[in-house]
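Chain naming follows the written order as A, B, C and D, and within any one chain the residues start at number 1.
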Amino acid sequence: MKEIVKERYDTHFWQARLNDLVEHYRPFSANGRNADYIPALGEVDSKQLGICVAGPDRTVIKSGDWDIPFTLQSISKVISFVAACVTKGIPYVLDRVDVEPTGDAFNSIIRLEMHKPGKPFNPMINAGALTVASILPGESAQQKIETIYAIIEKMIGKRPVINEDVFRSEWQTAHRNRALAHYLKETGFLEAEVEETLGVYLKQCSIEGNTEDIALIGLILANDGYHPFRGEQVIPKDVAKLTKALMLTCGMYNASGKFAAFVGIPAKSGVSGGIMCAVPASLKRNEPFQHGCGIGIYGPAIDEYGNSLTGGMLLKQLAQEWDLSIF
Amino acid sequence: MKEIVKERYDTHFWQARLNDLVEHYRPFSANGRNADYIPALGEVDSKQLGICVAGPDRTVIKSGDWDIPFTLQSISKVISFVAACVTKGIPYVLDRVDVEPTGDAFNSIIRLEMHKPGKPFNPMINAGALTVASILPGESAQQKIETIYAIIEKMIGKRPVINEDVFRSEWQTAHRNRALAHYLKETGFLEAEVEETLGVYLKQCSIEGNTEDIALIGLILANDGYHPFRGEQVIPKDVAKLTKALMLTCGMYNASGKFAAFVGIPAKSGVSGGIMCAVPASLKRNEPFQHGCGIGIYGPAIDEYGNSLTGGMLLKQLAQEWDLSIF
Amino acid sequence: MKEIVKERYDTHFWQARLNDLVEHYRPFSANGRNADYIPALGEVDSKQLGICVAGPDRTVIKSGDWDIPFTLQSISKVISFVAACVTKGIPYVLDRVDVEPTGDAFNSIIRLEMHKPGKPFNPMINAGALTVASILPGESAQQKIETIYAIIEKMIGKRPVINEDVFRSEWQTAHRNRALAHYLKETGFLEAEVEETLGVYLKQCSIEGNTEDIALIGLILANDGYHPFRGEQVIPKDVAKLTKALMLTCGMYNASGKFAAFVGIPAKSGVSGGIMCAVPASLKRNEPFQHGCGIGIYGPAIDEYGNSLTGGMLLKQLAQEWDLSIF
Amino acid sequence: MKEIVKERYDTHFWQARLNDLVEHYRPFSANGRNADYIPALGEVDSKQLGICVAGPDRTVIKSGDWDIPFTLQSISKVISFVAACVTKGIPYVLDRVDVEPTGDAFNSIIRLEMHKPGKPFNPMINAGALTVASILPGESAQQKIETIYAIIEKMIGKRPVINEDVFRSEWQTAHRNRALAHYLKETGFLEAEVEETLGVYLKQCSIEGNTEDIALIGLILANDGYHPFRGEQVIPKDVAKLTKALMLTCGMYNASGKFAAFVGIPAKSGVSGGIMCAVPASLKRNEPFQHGCGIGIYGPAIDEYGNSLTGGMLLKQLAQEWDLSIF
């Protein structure tokens, strides 16, 4: 089927358009700035901008700095949530973390205290991600992180690599995350020890990937968990759908509502500048992306909300041109 | 086109299924209770349950208490938001109200005080709906409410009617809404006088409709603002898309995230028991609703979040059976 | 006794010291600014600074702009609280308003929402003062305000006068107070109608007095409610003690703790620049103020907390020189 | 001087009265309950009630379980604050912790997040006490705690002893305090390492004393830092006054306002059931306590606020009978 499709859809047109858009938006990075709470993030060239779009028929279009590796940071929250749901079941996970958006900062502790008994509001904020990390199967940080590696390997076909420099920096500056973890420990929403949980969480944040890797994961989610290249259901359909809903309502920090309103695609960003998108199939869209696609974006200059500035601009433009909105 | 479709899709099967589901879920109303802050809502028979599903090909399936009129309550927030966007333009509206979900109660005032300068987080909470009501064109409550009537008439083909009893009750007990309005007046997010704004807001909440009326409005939103029966674009496409995104992220009170996760349809509920759904077209769905539909539901027994209890159960089941999720 | 005391304590020394201090601190008004939310307060000469110290032996020392009339503003909260306790009894009042300090702004609404059932934390914040105003005896704003007038007249020997300009301005800009009052109405902590309550509250804020008037009220409180000039118990002792405790813990807005720490005198300030102090008798102090005193201060330039800037500096210095602290 | 006083004031009357009151209030412990977050506190006999009153003339009256040792818990916050002020100076300390009361729970983290930059509101809440512990001189937990031991030894004449069982239990369950400490570390209000600070803080909480010990400390504070038995100024006068102000506004958890209103004595409680009071001299009081006194109370059954239930009742009664209020 892939061959037929390749004949039918010459991607030259879209490739050229992506190239143009990347160069058009690249200079806007001057209006943002790299995350700099750890040196490794601050030192990256802010003008980097890359994109990869992957369709279920193996159509893959890449442009700009698509192949620069970056640490997944908060994008990993999606993967650990999937890993927890796959290994523990959705009800077990949702007993311990809710799926409601909040208008609070991603690292806020207020709501845990205001709303008894302090169940984290969703797995995309740090509190929820720590809870999720703590319930992964395994008796140690290493065993737990292996569950995440395993699901990534199933999706992208290779074992992920940790950026050890980033991990060490994060470990040393993780005061707020330690505060959150100890708080959750007290209220009973952390099933592992604090340091073990932080080990898992900070490692998953330090996993490296490029835009093609996250485009592929996005594609599988778009495709309801079915891996179109391997021809295998790697994530149960209900987990994939739940995950996409979470990405749409909570995936872009405190700009999630605006992103849903003006882009309309389930997406998850990280402070290192990545955005992973899962675009479900739609009747309203023309080929080649009528059957959905995954999009990976990388642009390290972030905006006031913590999302890639140029990446977000590029994505918004693309969503309009290609009718990618799910609404 | 309608005739052809009617031949092709015999709705008897779906009609029978709806009838079964309505009778199956009706008894669960015992687990909920009517809103009772005003007598008119408390006195309604809790066991009522009705549904109307309307497709763009004029397929209309109705079941149960589909024709019982109820007051729109918070469902009207969707319509007044549309009316404001249509008359003032999206940028004017979004300068005065954000589109971010919050985990706070619909009538909460906390966030206005915590986040300077106190811009309401979204138009689906009371604070935001009051701001929206205040910016509608017109020099009086009557002129402003006429803007809402006009857009409803364009959609359902008849001038809406106010339930005067409900309006009077709401007027007398609107302490919290008055508190919100005075607060917004102080912070500059109310452009009309407090009493004028409350007049508009409480009148729009008291507009009566039945499930067919709101199914039709939902259908037009699903259809990107195009009225499929009248063959006319009654709402601009960008306003329709923005509105559906808002419904998905903020439409079901503090269960919006769970509703997105497990139903996955842009929807707005009201405490009187109505739910208005806009189901966009989808490749994944089978006929007759592949091209999207509007759904109106009415069940006055509400759950802890303020959403129709039996209506929500019915909708969740339907979403699974008919693959209605947008994810 | 008074005559004897007068012979013994020549106040010339203290008078000269007060004169020096007033002129020393007057120029610091440049570091503050008048409250300006209503024109009448903003237009006053910021450099005004006056003080009156009144002892139980009729020793009265006045200096600077001691005789300029100003509106009591929040100082009136002390008097209405006393009036409510005298007419309704302490238990009735404390069932409706607590006596706990909060770190929140005087006009904050957050805590009412965070702590169910929303009982105001103390009568020195606006929410609590509105509750107090609403429970004063009387069927109208006029009857209620007369209760306050009556107790003032008992203390200072003349019927107080309202500054009508200030009252009208406050009435028109009272959005936040209206928000608070409507909120309290909803939660059941407002026993009169909203507009009636606001009428009482804004009138009491607009009562005019000078430093001698408030020094005399302070003296009576210092003296456990016993009017040393009239030789009459005008306020019950337990009400007077409770009121002084409230002034110490909550009387100086969000600087109450710092004021207790570095001045150590029960005091209540108002945004118009007044400070009313009740200095209880102390063994540690030398004559003439060993038996306590009342102090009235007026300096319209206020600091970031809403307290008279030069008045506070003058008072702090005086407290150290004369050992006025109760600790 | 002591001998003369003893001749003048026969304490038999007060001793008998204290004995009566202790037995009268002891049974009310049934309305409270021991703190039970660590086993050692929960296992203590709830009906214990003891008191020691110490005057500057060496008058010491003891009754009931006055000699049962208990861990100081939050009472130690007063001592570590004094130790920090003495060693670092008041300005250094107050740059890092404010002295404002809050209506929040003692272990609340909300206000740190709501009010940038997150300076703890006062040293009597856990956040503030952790900051204070972190700035004590010394390069290790042991060196820091020695500063506290030293000042206690100066006051009570013996080196304090740690209850190791309690310390170990607290260490293992200190999730919330760890959360607070990590939070403070992030915002820059913790000058030592987290674990070092917790070591100091939890050790100071585990110091054991009886009612006579804390009555003596209270007496010295009442006496403006002058040790009446040793005839030496052991705490500077300004530190003693500041500390008493803090005790009055913040010393009795969220009942501090009520305690100031109805008892009117600078006091600090701990969850183990201790209350330490510093009663300054007063003209209004009769001998033998006109010149002030220290009071130590112990009653492990605590009320909803965390204060000794029977201890508070006993103290309130005594304050009225003996005119102990500072107002």
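Keep this in mind: a contact is a pair of C-beta atoms (placed from the backbone, for glycine too) under 8 Å apart; a residue touches a chain by one contact, two chains touch by 3 or more.
Here the structure is a predicted model, which is why all the values come from computation and not from measurement.
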{"item": "Interface residue identity across copies subunit C, subunit D - same or different by half", "value": "same"}
{"item": "Centre-of-Cα separation between subunit D and subunit B, whole angstrom", "value": "57"}
{"item": "Inter-chain centre distance, subunit C versus subunit D - centres from mean C-alpha coordinates, in Å", "value": "31"}
{"item": "Distance from the mean Cα position of subunit C to that of subunit B, given in whole angstrom", "value": "50"}
{"item": "Where subunit B touches two or more other chains, by residue", "value": "114"}
{"item": "Contact pairs between chains, per stated definition", "value": "A-B, A-D, B-C, C-D"}
{"item": "Of subunit D, residues touching subunit C in the complex", "value": "98-104, 111, 115, 121-122, 240-242, 244-246, 248-250, 254-258, 260-262, 264, 266, 280-284, 290-291, 325-327"}
{"item": "Touch list for subunit B against partner subunit C, complex", "value": "108-110, 113-114, 175-176, 178-183, 185-186, 194"}
